[in-house]
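Think of it as A, B, C and D in the order they're written, each chain with its own count starting at 1.
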Amino acid sequence: MNEIKFYGRGGQGAVVASIVLANAAFKEGKFVQAFPFYGVERRGAPVAAYTRIDTKPIRSRGQIKSPDIAVVLDPYLVTALNITSALKPGSTIVINSSKNIISFAKNFNVYICDATAIAVKRALGDRTNPIVNTTILGALSKATGIVKLESIISAMPEKVYVKLEENIEAAKEAYKTVKKI
Amino acid sequence: MKLTIPQQELVYSGNAACQGCAGLLAMRYCLKALGDKTIVVVPACCWTVLSGAFPATAFNVPMFHTAFETAASCACGVKAALRMQGKDDINVLAWAGDGGTFDIGIQALSGAAERNDDFIYVCYDNEAYMNTGIQRSSSTPYGAATSTTPSNMFKNEYKKDIDSILAAHNIPYMATASVAYPEDLIKKVQTANSIRGLKFIHIIAPCPPGWRYPSEKTIALSRLAVLTAVFPLYEVKDGKYTVRKTGDKKPVAEYIKHQGRFRHLKKEEIEYIQAETDKRFELLLKKEQLL
Amino acid sequence: MKRQKRHIKPSKRFKSHKDLPPMSVSSVPTSVNKTGGWRVLTPVIDYDKCISCMICWKFCPEICITAEDKPKIILEYCKGCGICAFECPKKAIKMIEAKG
Amino acid sequence: MKLVITGNHAAAYAAKLCRPHVISAYPITPQTEVVEKLACMVADGELKSDFIKVESEHSAMAACIGASAAGSRSFTATSSQGLALMHEMLFWAANSRLPIVMINVNRAMAPPWTVWADQTDSLAQRDTGWMQFYCEDNQEILDTVIQAYKIAEKVSLPAMISLDAFFLSHTSEAVDVPPQADVDRFLPEFNPEYKLDINNPRAFGGLVTAEWYYEFRYKIHQAMQDAKREINTVGKEYAKSFGRKYSLIEPYKADDADFLFAASGSMVSVVRDAVDKLRKAQKKAGLIKMRTFRPFPKEELIKLVPGAKNLCVLDRNISLGNEGIFFTEIKAALANIKAKPMIYGFTAGLGGREVSVNDVMNIAKSIETHKAAEFNFYGLKK
């Protein structure tokens, strides 16, 4: 079973990302589950969302204590929320960042991709609040291979109602530009 | 450096309000006006959550969280107790959103108004159920898209005229206010506080995620609401209307164009809003002359 | 503005039900939560243009601009809403793309 | 001094003697004389209280909550539909740990319209965190209101005192109304540690996540357990001051009884007569008066019951789809004890139907002659 935790801020689309990812895996015949952590969602405040993907029916619910994949939509959260403390050694971290900001990258597979630049270039969200969810999924697909890029693209229309084309292009670009550190 | 409003701050930073929240500013100004001898009663609304989770509080005054319908009835109980304890000098402020005032809490508010209970009721009006994710309320303006009135079925009813409803209760003082005019807002809260009985203050409170505009424009929209007469500033003291004159009205389109919640409106729908706005503003000016 | 009192981080204060008040009673100022991390854009004041009119202080929802001779922005709390920059009559405040 | 007064007026006198700062109530048959009497007492200057004439029961409880949170003793009274409308605010009061005392006249829930006695209205509120007392007569109404403030303010929980519509509310009987000075000595000033205080700005009721909500609920449960002790303690103190002793439950000729009744409300008096009659007929009958429903007196019940062969629980209520509510709770309390009597449940008197001594005798007979089922609708027009 893959357990993915999305770290974002209110308004960045972390919840939508978790659902699009689940839909994508579902289209590949997997059993899926996606849910946000319901707390104080405020534009800007830290928000968590989760996706479980498995080959057999998923019975456990509730928060994922130590995910094997972490997707960080806002690089500031890595330090603010001390993300690595919850991660098992050897798990994968995909960060929306133009530079490496994890000092002890050795016990994790760390990937970075400047999703903000890719999103803002296509006017996804606005300057004070770029929406990077679909973009980062492109990077996640390449970095972990848990779902194909095509599945993510075909899953998008169910949750992305505005600027679908730009979202698809952004995911493709992230898929190409994501780098392992 | 001369300040035009009191310097004392009774709200703490570090609260959980969204970036550019007018509701946060409105509370900041009201507590500046009332000072620290004030108890606040807050029903379910954005302030329920943004004021901090246990054990933190964004208030530097005592406050009580109460049920959605009960801002007015709970505040009435607080004030009655304080009076019986000989502490009648303590201000009681009922602080509710538009849902808690126009819809679910109107019965308790009407009761308090009819009894002329002695406290200030402030409605910070962001024109929808923002705390629960932007669902339509009776305060949502005609034409606006919300999560329950999507743009292809936008809100078809005009904003409920809560001010006239309160005025009809013949309460001693009522006023509208905007965070773009803090000096005016604070003066009105202090005027209200100098009067016995039920005082109602209705503050327009633009909401970046709810109205879909960039957070830096909160003050601009709070100003345009007034200048376009969509939300005119006025007072009603013992039935006498006093409307703040702001020169020639700006076209409503000036106000609407910044807001994503209106982006779907066609020309004739905006014209309808302009016509309605003009008609209501004319009526308000007539009330000022007649009453 | 008086310094807000330092307080223990909320979550560290209680160990069991015995430590809790009878119901949810809050007295720790929210200033223990540094909301500065919410920003995407950061306001920077150009003091050559600033005329200390204090309009930025007046319109800041987060109360994180100081009311002194020259206004200063307390970045610990600024959420980067951009109101100060937008409303400044002298255009003395710029929103830059950094946490600042 | 002794007065011949209705249950409603007994409640009003009791409230007055407790000097509530704030009364906030909405009229509803058959509670109206409570609020009317209090209104006159305030008008005549007999009672220094702010009586807020609210526009609904929901606001009645909300105003009491505001007043109590601000540190003032507060009182209200309601019945059936009004109590149901208060449901949300009953949780609000208990969870806020506010010692509000309320009279509830037990009246059947509509539709069909009815104004007569039935306990389902208050029993339906059993999980709201309110202590619940059921009174047998008008004296007990007055005495229980006074004790309830002392108990409530000690454990910081609200208390609901129920009395049967018309059988008590509108029935006049002799009631000893104690002098104000004695009640002032018995009932200390209300001075809560947690209240809205401008010298100590705190927020009450703020958001709590799964991290602590569970523990806050436990604290209320603990307070209910403490209340079991307090109810008996205050009941003894009341005997010292006023000569009438009260406790969680009250046995009547139960020590050597092999046939026990359990009943609550005004019906208890009728069962006392039936027990006396059965005793005369050489039958070892006894009664357990269920005075308190929350906190539920499980431990006391377990002490009283062994030795009895049959226990017959009378309910003027019904939990639809199950059975009488006291019946269910008493069975649950006794589930794991060894020497357990056979327990029978009888619902009777719904909607104000009379329950006479003969009815109780018939019930006893139906058990002796093994005609009774485990749960029975007594007096149903079949």
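Basically, a residue touches a chain if its C-beta (ideal position, glycine included) is under 8 Å from a C-beta of that chain, and two chains touch if they have at least 3 such contacts.
Since this is a predicted model, take the numbers as computed values, not measurements.
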Labels of chains that are neighbours to chain B and to chain C: A, D
Of A-B and B-D, pair with higher C-beta contact tally: B-D
Chain whose average C-alpha position is farthest from chain D's own: A
Separation of mean Cα positions, chain D and chain B [Å, integer]: 43
Distance from the mean Cα position of chain B to that of chain A, given in whole angstrom: 38
Distance between chain centroids, defined by C-alpha means - chain A, chain D (Å): 56
For chain A paired with chain C, centre-to-centre distance based on mean C-alpha positions, whole Å: 29
Multi-partner residues of chain D (each touching 2 or more other chains): 200-209, 212
Sites on chain B at which at least two other chains make contact: 16-17, 19, 49, 51-57, 60, 208, 214-216
Multi-partner residues of chain A (at least 2 other chains): 40, 44-45, 127-129
Complete list of chain pairs which touch one another: A-B, A-C, B-C, B-D, C-D
Residue ranges of chain C in contact with chain D within the complex: 11, 14, 16-17, 20-27
Residue ranges of chain A touching chain B (in the complex, touch as defined): 10-11, 40, 42-45, 126-129
Contact footprint of chain D on chain B as seen in their complex: 36-39, 41, 48-49, 51-57, 59-67, 69-70, 72-85, 90, 107-108, 110-111, 114-115, 117
Residue numbers on chain A that touch chain C, as the complex places them: 9, 44-46, 76-77, 80, 127-130
Complex contacts: residues of chain B adjacent to chain A: 16-19, 49-50, 53, 208-209, 214-216
